[in-house]
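Several structures are given next for inspection.
Here chain A shows up in two complexes: once beside chain B, once beside chain C.
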Partner chain A sequence: MGLKDIISPFYVWKRALEKPFTHPSPLTTRPGSDRYRGFHQNDMHKCIGCGSCETICQNAAIDLVHVDGIETTEADSGLRPKIDYGRCCWCGLCVDICTTASLTMSNEYTWVDADPEVYRFIPGADEKSWNDTDKGYRRAEGYNLLETERVDMDMTLGDDGIKSFMEVIHGYTKEQAMAEAMRCVECGVCVATCPAHMDIPDYIKAIREDRLEDALELLYRTNPMPATCGRICTHRCETVCALGHQGDPVAIRWLKRYIIDQFPAEKAIAQLEQEFEDNGLKVAIIGAGPAGLSAAYYLVRLGYNVTVYESQNKAGGMIRYGVPYYRMPEDIMDDEVTVIEKMGVILKTGIKIGRDLLFEKLMHDNNAVLMATGFESPYELSIPGEHHSRVISGIDMLDDIANGKSVEVGNVVAVIGGGNVAFDAARTARRLGADVCIYYRRRIEDMPADSEEIHEAQAEGVKIIVQSIPVHIEDNNGSPRMIWNRAEMVDQGPGKRPKPVLIQGASETADVDTIITAIGQASDYDYIPESMSGRIHFNKTRVATERLGQTAETKVFAAGDIVNSRGDAISAIADGYRAAKGIDAYLTTKKGEK
Partner chain B sequence: MNSLIKRLKMQFDVEEQTQRSNLSFINATALQLPALLTHLRDYEKYTQLIFLTAVDRIEDNQFQLTYMLADESSQNNIGVRVRIDRENAVMTSIAHLWHHARTYQQELREMFGIDFPGSPGVNDNFILEGWEEIPPMRRDFDTREYSEKTYFPRPGRSTTHPRTAMKAVDPDYPELPLMKGRVK
Partner chain C sequence: MDRSKFPEIVDGKSQYDLDSGRFVKIWNGPQHPGVTGNMALEVVISGDEVVDLKTHVGYLHRGFEKLMEQRLYIQNFPLVCRICVPEPDTNEYLYAAAVEELSGLEVPERAQWLRTLTLEMSRLASFIMWLGGQAGSFGMGTVGQWAVAVRDYVLDLFEAITGGRIYHMYITPGGVRDILPEGFDADLEDVLKKVEKFMHDAEIVLFHNAVFKKRTKGLGIITPDMIDPYGILGPNARAAGSTRDVRKDSPYAVYDKLEFNVIVGSDSDAYDRARCRFQEMQQSIELIRQIMEIMPRKGSFYNRPPNVLHWQIPPGETYVKAESTRGEYGYYVVSDGSNKPRRVYVKGPSYTHAVALFEQMAVGTNYADLPGLMVSLHTYPPEIER
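So, the complex of A and B:
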């Protein structure tokens, strides 16, 4: 080692008084590239708190927490992701899986702080300098971990559909159902929205894993009419499905149907049959519609002796007599009832309470009575001439068809109304060979009918005239002539439905062979004896009950359309479940008092 | 690159997939690989090994190795793909062809558990000192489970399942089940 080697390190000292060659500026502000994966951003109003980010995170860096000012609603859990940056590895999977695309990453990556706790925060909720930047990692166009399109359902639509009463929707095959089940992210937002709170993510998972026996039991835990709901349910669950934000919601209703399609009645019975201890208590149920059958099923499982009285010849209520075969085949309905009956429910059909058997006797012979009689008396139009012999109600027509009677509607039919009954009647008339036109007082978007029914009806050639109000009906050589008036929608102020108002002089005439009315139904409470009338209270047309269905007459419960205003099958089924729970609670307490 | 592929097909049993005009992939067998790479390096000017990596094709019970070579003069790249058995994951070393291949092979040994007998230092620690689990890039390695087991959660962490939070929507949310079910 020479002298030079020893003193050379000291040469740098000569630069001690010079300015540094390095520029500090680029080192302090060096932005990440445009698609850099930096700190997260979350659009708080787009996010629904589905938790897919938490599920996919391989580092367990994400928790879902409540945030001030974000309420839990039917389509939003009210939770938001909170990220622990001590664990985050910036892989971006949470952004890729986000069902609403609310979660993104900014390109900001520099942040120094002595307090480690600040590196755990709720993106979007806390003020951060990068909250509004449009740079950073977003899911690339065309790249999606989620399957946005649902598996197509095979259907017989249009001209082929109206040739017969064969079922329009064919149902999923195993491959189709498994593919569709794969789309679910198991967030469970749908469970609360379903009136019966069915275990939706669990049964979809069971389909995915091909555990169909488990899937069946999951269905019957909350709903003893899965074949019905797999077909005609109003599927509110699908309206809040997380997948619906960027594509089609998961076909929850059809997946349910797929499960029950694999279980003919005997197989379902074998799977569901259990020993029940008879508790010696008797419950009578009036009406074998969805509410009555549902309550009966759960009461039997709790050990009660249950008898259901039905005025029609067969059980099923509005599902059997109001829904045509092309939506709900007769044999499927029979199977559904058979399963419930085989669980130990005694069914007495053709017995009308108040006529064949008195309500008082039911009260005397049973420990509790459940009224589940539904809404089956059609509303009248209340216009002159409506008692013409060729003016029939949609409900009566569907009822006659279901009872095997022949119904003649002629070549030209006018249907009045915009609900499911109107569409069922219209599509049935198409199948009987008629040209059909639906007259509805409001707009298509105001129709209470399911949008699928509207589309299917249009595909089958049903015409729809909206904003049309019938004003009177005349006789035209034995056929009805309907005089109707065009209406305009008049705004009723914020938050209120616009109202149809007749336009002066815009009157039109329709010569038809049959007019079918379907503007809604009411209940018929004639079976309630006068001696009890003071003890059962009403809210307008509905029976007033407490939350588990109990009326002011403590021994009497009520469920279904006569209680809830939703008026769909699934709400009636949920009501039946609640009433079963209410009756059980009431009789258990009563037994304890003795 | 088409003429190159044609020439290769005359000497080797290879299948080809072209991705871009200057990038092709060919599938070869493990036995052929050393000869094929030597040929590409010495006769076709693919003198540079850009990287060597693996994909866990767990469904096929195989690993897929990709050797990416470059011809600097033409700026063309060729990827040579080889499938090897996943259970007995052993592959011939190419450290004699490119010295730096030893580093890739050492990494693959650690991350996927693929052995390259004879590759210098192949069994030395790469980055995972004291690793006792199955190799972490194997797809049957449960990253989440490892993460939860290994790293302590920060105090004060708690989470709510959306389904539980949703119960607030319906005050009458029924407690389930009403019947004694047998669902597992």
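So, the complex of A and C:
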């Protein structure tokens, strides 16, 4: 230790004149860094209230709450995250998991207030100075806690697909299904949207945990036709799936199919079979389509004696006779019906009510009657020449194919329409060897058909001409010649669909061998006797019912396409379920009155 | 050591008699300024000499290990950094490494470099804080002020990379959460220069300070034969001649790609330990510059684990370790196949230093040197209790 050691401490004075390190707040402020994890921001219009932030928050700092002005819709729970900053640890996991990327954090971190209550607020709903800053923590590019891509499905598409009526979609393997099931965040937006309110997150969880028996029971709890819905459902659930906002939605439909694919009919029956106490009451159901079968299944489980009358030779309705085999194979349809039949439903096919058996007799012999006859009569084009012998309806063509009749369409086919029936007819004609072109009066994005159908049809070589309106059909040496006109889309104001309007002089001609029309169907109510017609009311073409399917004639219920305008299988199934509840409520009350 | 004037020790207990009037019992803490975290010292003195010392922990017990058993794997990564406040990144790294090992999750090369960078930066910040504490505990608060200020510059860098100053929550199972922000290289170099200036000044006013030298030389000597029985780690052991350094002995992250030597002392007292740590600070700066020069600037920095809300990890157990500023830091994690860890045990190196070793070494020292002695062992109570 020398003199230097005594002197050197005085070196500290050198720094005496340096500026201070600190900021004299509030005279000057120091903003947080560009990535600072400060108070949250939430884009209220992007947020769908899925609640993933609430699920992942390890401090339970987030609650999903109702916000004035935010409506609950099919794709939006109507709730928004409220954050308690007394619990928040500013980790940002909520931002990382946010399915819509609406939740972010600002770089604002100073806020002084005497009232502790202010530190619990709904980001985005309340006016805050940091609401609009673009600085603060955001998910980095390349960092995402959720898988945005769905597991690829094996399909036979294109030229291989049109060689036969073999099923196009092969279904998931166990590994694929489990990987896809992992993607779900269990928010439940899908449950609210599904017409049948299926327990989607629960059965996906069951797949993930390989509890397939539980998964099957969950499916049948709200939907007795899972194999159908696993294939041809319009899957509104996927349209609203939270994961769809930043990537592909979870393949809910295919996961459902994976479950039922593991259960051949006899295995499913063994799993679902139970003894039900016969309550001695009889219910007749007219029509063995999805609505009728669904109602029958649930009524049988409630102890009713149910007979379903079907005019066709086999049960299944539009699913069997309107959906081609490459989308819904015949044996799968048979299995589906077998399971429902084995639960105790009496099925009488080939009996048309009003022709083979009178409605009045049904009314007399049963405690309740459910009408579920569907929309089977095709709409006409209402243009000159449409009664040409080579102009056929898509529904009739698909029906003939399903009944094993041979259908000749020739080499060149024009299909008119943009719904699923039009695409089914087009793809079927393609499989019969024809060159097919679909004519649709609006744009592709306006088509009511499923996007998968459009995509698969295009892959199979089906041509699509949009904004085209047939104006008349004339004969060309026995073949039809279609004169059609181009149309332009004319805006109809906000909230309304643009309307196609003919462009003057833009007329074209198509020489084809067959024209298939598929512009929609209507119902045939001829079976309702005149004596009752006054007591069953109609809304335009549909039967008017109360919420659970009851008509003004209290003993008669209605379900399916003749009631709801959605016109898809899952809505019909949901309708059947509701009607079963309605019939049960009606008959139970009546029993009590006696 | 001449123990003749101290009370006899029977079964490890000092037989002092408070009623004799020769001894005074003083409670230091749990908020004593010389203690870096809440820990109490029960000191018995005779005059100004320490006769007996008991370390009492329990004031900082937050139950992290138990809490982690009830949370999803992903939910624990923002939690672990809180176990050790001054050097949180070691915890983040070790938790992620353990989970990755159990689940078989690969980590991209670039993430390993970014992890090593933040690990060294946090070692540097932790050493700076220690240096301030070491000076402050001997009454040289000026250096303490400088240290806290310069550490904040390092925290600015953390804020720029991670969005947080103290709790970075940056190293996550599968990689890191982001890459370096734009302009970071220049900011980093700027801060490193500030740190070097601080160290230059500290060298003059602290290591060439007669008072500091007088009070630290010969204080708290750790002899090489004490290392294993007391489980002494890190610079405490290296100042006594040990060459153990996890970064060298079993390299993790990208330490095997960096050039550095283990810093070893010889005099084994508080001054020598301070010297060793001071050199490790220089080494950290050197390593940070090395990393910035050779680390890859392109490529992925994150491999996504399966959906973190349902992520289950196959049954297994692992122990992973890393070199913190206090020595080997370890995580023992047991998984049972569920979506939450079955058991997490955190081995903080301060435990042996602050309890067994400190209780032994304090006896016979001047009471006024007690905080300085404790800081020279670089103990962090939060990692003792978790």
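Here is the rule we use: the second predicted complex is superposed on the first by the 563 of 594 C-alpha atoms of A that agree within 3 Å, B and C clash if a C-alpha of one lies under 4 Å from a C-alpha of the other, contacts with A are read in each partner's own complex, and residues count from 1 in each chain.
To be clear about the criterion, a residue touches a chain if its C-beta (ideal position, glycine included) is under 8 Å from a C-beta of that chain, and two chains touch if they have at least 3 such contacts.
All of these numbers come straight from a predicted model, not from anything done at the bench.
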Check: Touching A:307 in the superposition: chain B (first), chain C (second), both, neither?
Finding: neither
Check: With the two structures laid over each other on chain A, which partner does A:222 touch: chain B (first), chain C (second), both, or neither?
Finding: first
Contact-wise, after the overlay, does A:197 reach chain B, chain C, both or neither (first, second, both, neither)?
first
Quick check for you: in the superposed arrangement, does A:58 touch first (chain B), second (chain C), both or neither? both
### Query
After lining up the shared chain so the two structures overlap, which partner does A:145 touch, if you call chain B first and chain C second: first, second, both or neither?
second
- request: Kindly classify A:32 by the partners it touches after superposition: chain B alone (first), chain C alone (second), both, or neither?
  value: second
| message | Between chain B and chain C, whom does A:373 touch in the aligned arrangement: first, second, both, or neither? | response | neither
Between chain B and chain C, whom does A:571 touch in the aligned arrangement: first, second, both, or neither? neither
Worksheet item: Now for A:5: first (chain B), second (chain C), both, or neither, which partner does it touch?
Response: second
So the chain A residues that chain B and chain C both touch are 58
Within the complex, chain C is touched by chain A residues 1, 4-6, 8-9, 11-12, 14-15, 21, 32-37, 52, 55-56, 58, 89-93, 96-97, 105, 136-137, 140, 142-147, 182-186, 205, 208
So, in the complex, the side of chain C touching chain A is made of residues 71-72, 74-76, 78-79, 140, 142-143, 146, 149, 152, 156, 159-164, 167, 169, 175, 177-179, 181, 201, 204-205, 208-211, 213-214, 300-302, 304, 306-310
Contacts from chain A onto chain B in the complex sit at residues 49-51, 54, 57-60, 63-66, 72-74, 77-79, 84, 86-87, 120, 187-189, 191-193, 197, 199, 201-202, 214, 217-218, 221-222, 274, 298, 301-302, 547-548, 577-578, 580-581
Chain A partner, complex, touching residues on chain B are 143-144, 147-148, 151, 153-154, 157-163, 165-170, 172-174, 176-184
